[in-house]
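Take a look at the structures below.
Both of the next two complexes hold subunit A, though its partner changes from subunit B to subunit C.
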Partner chain A sequence: MNTRTDPDTVLADLAGMLGKVVAEYGLVDAEITRETTFHDDLELESIDLVVLSGSLRDHYGERVNFAEFVAGLELDEIIALTVGRLVDHVVASLDAGAPA
Partner chain B sequence: MTERVAAGGITTHVARLDATRAPDTGEPPLVVFVHGLLTDSLASYYFTLGPAFAAQGIDTLMYDLRGHGRSDRPASGYRLEDFVGDLVALLTELGETRPAHVVGNSFGGTVAVALAAWHPERVATVTMIESEPPVATWTRHMADGLADARTRLAHAEAFGWIARHHGAHTARLSQGAHRILRTTTLADDVPASRVIDDDLGALTRPLLAIFGGDSGLAEQVPHLRARVADCRTVVLAGQGHSVLIEQPVRTRDLILDWVRDHTPVAEPVP
Partner chain C sequence: MTGTRRFLVVVPPLVGHVNPLVGVAAELARRGHDVAWAGHPGLVHRLAGDDQRVFDCAVPEGPGRTPDLTGPAAFRFLWAEFLLPLAEAMAPGVAAAIEAFAPDVVVCDQHAVAGALVAQRYGVVHVTSASTSAEIVDPLAAFPKIGRWLTDRLAALRAAIGDPAATSDPRFSPHGVLAFTATALVGDVPAGVRVLGPAIAPRRTAPDFPWEALDQRRATVLVSLGTANADAATRFLTEAAGALALLTDRVQGVVVDPGHVLDRTPLPEGTVVREYVPQLDLLSQVDAVVSHGGHNTVCEALWHGVPLVLAPIRDDQPIVAEQVVAAGAGVRVRFGRVDAVRLAAAVDTVLDPATGHHACAAAIGRVLRAGDGVLTAADHLTSVPLAPGVPDTPENNRIPCCDTESLP
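So, the complex of A and B:
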């Protein structure tokens, strides 16, 4: 049985979470792809990323530690962060805890 | 985890990162992080110091000050005593009884000292990062700084100028600052805050004070060392006001050492 995490499923999950975060800014129609950047495309502020971090924890549990992931990035990298890079991080975190 | 907590008449956005390893002895120390004014939020800690502290066996509590981030933004009530009251109400609501190591950046450090002065039973130690204690000269510095910010940000074209000279990220933070100044009495309230005496006699808790050598605030070092019994001061040469953002690793290590040195070693159970 294949236990690997499907990146497309993670992308869809993230799109749902981001939709809730950006809905407060009236950006409900924003299409979210792997190339979407948090800062320039979604205009998220750092405090919005904190809220997203809480959503990730609620959804995936302790295995996905977004705060630790972001703490390891430089400010320039945080500003350039794409949805795709976060998808990859989530997939890697989930697969690291799953049987091979 | 993040949550919104109703306490003291407002709803506060809170992020907690609990210790991810057991402490050597007893219960984990508690560190409370307080951010700065206008362009700041709990995110400044959540993505810098917070995870490292949790990994070192420390429970961390971060929150958005009233008017900031995702906490409520009431139209008025922005004196220092209001911010301190919010923090006391929050700790009470969360059932927190451990005296906390309270770490504050810029204005957050002033909140930390005020909490220690007015509610010493809540505080184990105080850390100021580029801050002033709440004395009379502080209110004058705040009055000047806030009046200056209000004037500059009132001109809509300032955002274009800021974007060209400091980048879009800073421009967006400035818009957030302008929103607070435009919709609240913060700029009038902060300089009208309750203060403590210049001799700092009200501060009976240990103090770690970190400064950037180029910011001007390091001039306080001799006064702090003369007035506070257990006082450690660190001046980072060639560094301006943004110590936390520009030197997070150095700042983290200084505060971790400080907390470790001020965590009592429990007696072994016989």
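So, the complex of A and C:
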């Protein structure tokens, strides 16, 4: 298989993982798009990122390094972080790991 | 060691940061040392007494944050708009105090960084006072660039008001950090940090309270978001009122509502709603506390062995809340999302002896009540070496989380 990763599939995967996180604290049926922000829209906190990191590892294995992604973000980027930005990171990570 | 010392205590205009040092200053004076303060004279006099010598420092107006500013945005705002300008504004006053008072030791609050930076410029030993557990543990180690954002700004501040040759982080003195918090919250700490237990400050005045209204047949649950969060409280307190209605057969609520946001909300019979409460006296009578997780309230509840339901809003509160959960002494809900049903379930959880929260809180309380942080702090301050040339070790990129309970 050397097809490119489909960003819409990744978005759907992430929406599922994030939906599970936010449902835990009462935000059900949250519509999650590329433009959804981690902070203002989903009110995610660092503890949630730990959970999300675990979900990503369960789903994608070692191919996606979420800790490295987060560590690379500037303060302003973290404040404005969107789901789309994480989708792009996941897609790039998966494609980088795929055979050419 | 022999001889008396001169201590200059540098504090920001934040009640929760001054309180822990009130008892320490009194103990130092009792031992015959000279103590003066640098900060906002009105606040220091109110909290520490009119007889205290205070060197006036200019303090800027409070930042006036909007209630919805939370998380990393609140962090950026806190430092960029308040603590860094505060340090610049306070620096001339701190310098004047050092020149006039000639202290042997500067005791500076962790977030009044002017104290540390100016003390270094004058070659005076400084010791840090930390009034919250959040910054001791490097909670955001996963976000190194946030740390660098701040340390870059602190370095620029040092160039402006400090000793350009010094390298230590002004929030963590190489001569010692006195941390007024509970070991149960912070766990293992870096070398140089002394965890002294929370400073439980007796209030100078206690508001009236209708003690006879407390129903001995039901559990008493105190609901308080502190005094600084009235603007953000309406939704949460309304849900809390709904939770109390669901729990009314087994729980009586005592709700602190300084903003009168519940004036038109129906409440179950027997609910006590007050603008202010005598919190310390009340904590010896309650079975659980629902709070935003301000470090003071958390430590006071734990001191009394009371478990907590925490709904952190911002700043150090999410970290303090996680520490309480990790210690087994409480549960956490989402301030912005929790509804009456979830909140009632959380209260039931901490009240249920089978969950162990009560036992954990009780065990933490026994340890806290046995300690005496004031004496330990005074011992450290009176014995810290005064010789210059103490190694000035650079600190790593620690993430600050300020207790802003009383941010103006």
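We adopt the following convention: the second predicted complex is superposed on the first by the 98 of 100 C-alpha atoms of A that agree within 3 Å, B and C clash if a C-alpha of one lies under 4 Å from a C-alpha of the other, contacts with A are read in each partner's own complex, and residues count from 1 in each chain.
The criterion applied here is as follows: contacts are C-beta pairs under 8 Å (C-beta built on N, C-alpha and C of every residue); 3 or more make two chains touch, one makes a residue touch a chain.
These numbers come from a predicted model, not from an experiment.
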Subunit B and subunit C placed together on subunit A: clash or fit? clash
State whether A:Glu68 touches subunit B only (first), subunit C only (second), both chains, or neither. first
* To do: With the two complexes superposed on chain A, say which partner A:Asp6 touches: subunit B (first), subunit C (second), both, or neither.
  => neither
Touch check for A:Ile79: first (subunit B), second (subunit C), both, or neither? both
| Touching A:Val51, do we find subunit B (first), subunit C (second), both, or neither? | first
Discussion item. Contact-wise, after the overlay, does A:Glu43 reach subunit B, subunit C, both or neither (first, second, both, neither)?
Written reply: both
The clashing stretch of subunit B against subunit C, among 21-29, 93-101 or 165-173, is 165-173
The intersection of the subunit A residues contacting subunit B with those contacting subunit C is 39, 43, 45-47, 49, 67, 70-71, 75, 78-79
The subunit C residues in contact with subunit A across the complex are 70-73, 75-76, 139-140, 142-146, 149, 318, 322, 333-334, 336-339, 342
The residues of subunit B that touch subunit A in their complex are 1-3, 13, 15, 17, 41-44, 46-48, 50-52, 55, 64, 69-70, 168-169, 172-173, 176, 245
The subunit A residues in contact with subunit C across the complex are 25-27, 39, 43, 45-47, 49, 67, 70-76, 78-79
Subunit A residues touching subunit B in their complex are 39-40, 43, 45-47, 49-51, 53-54, 57, 65, 67-68, 70-71, 75, 78-79
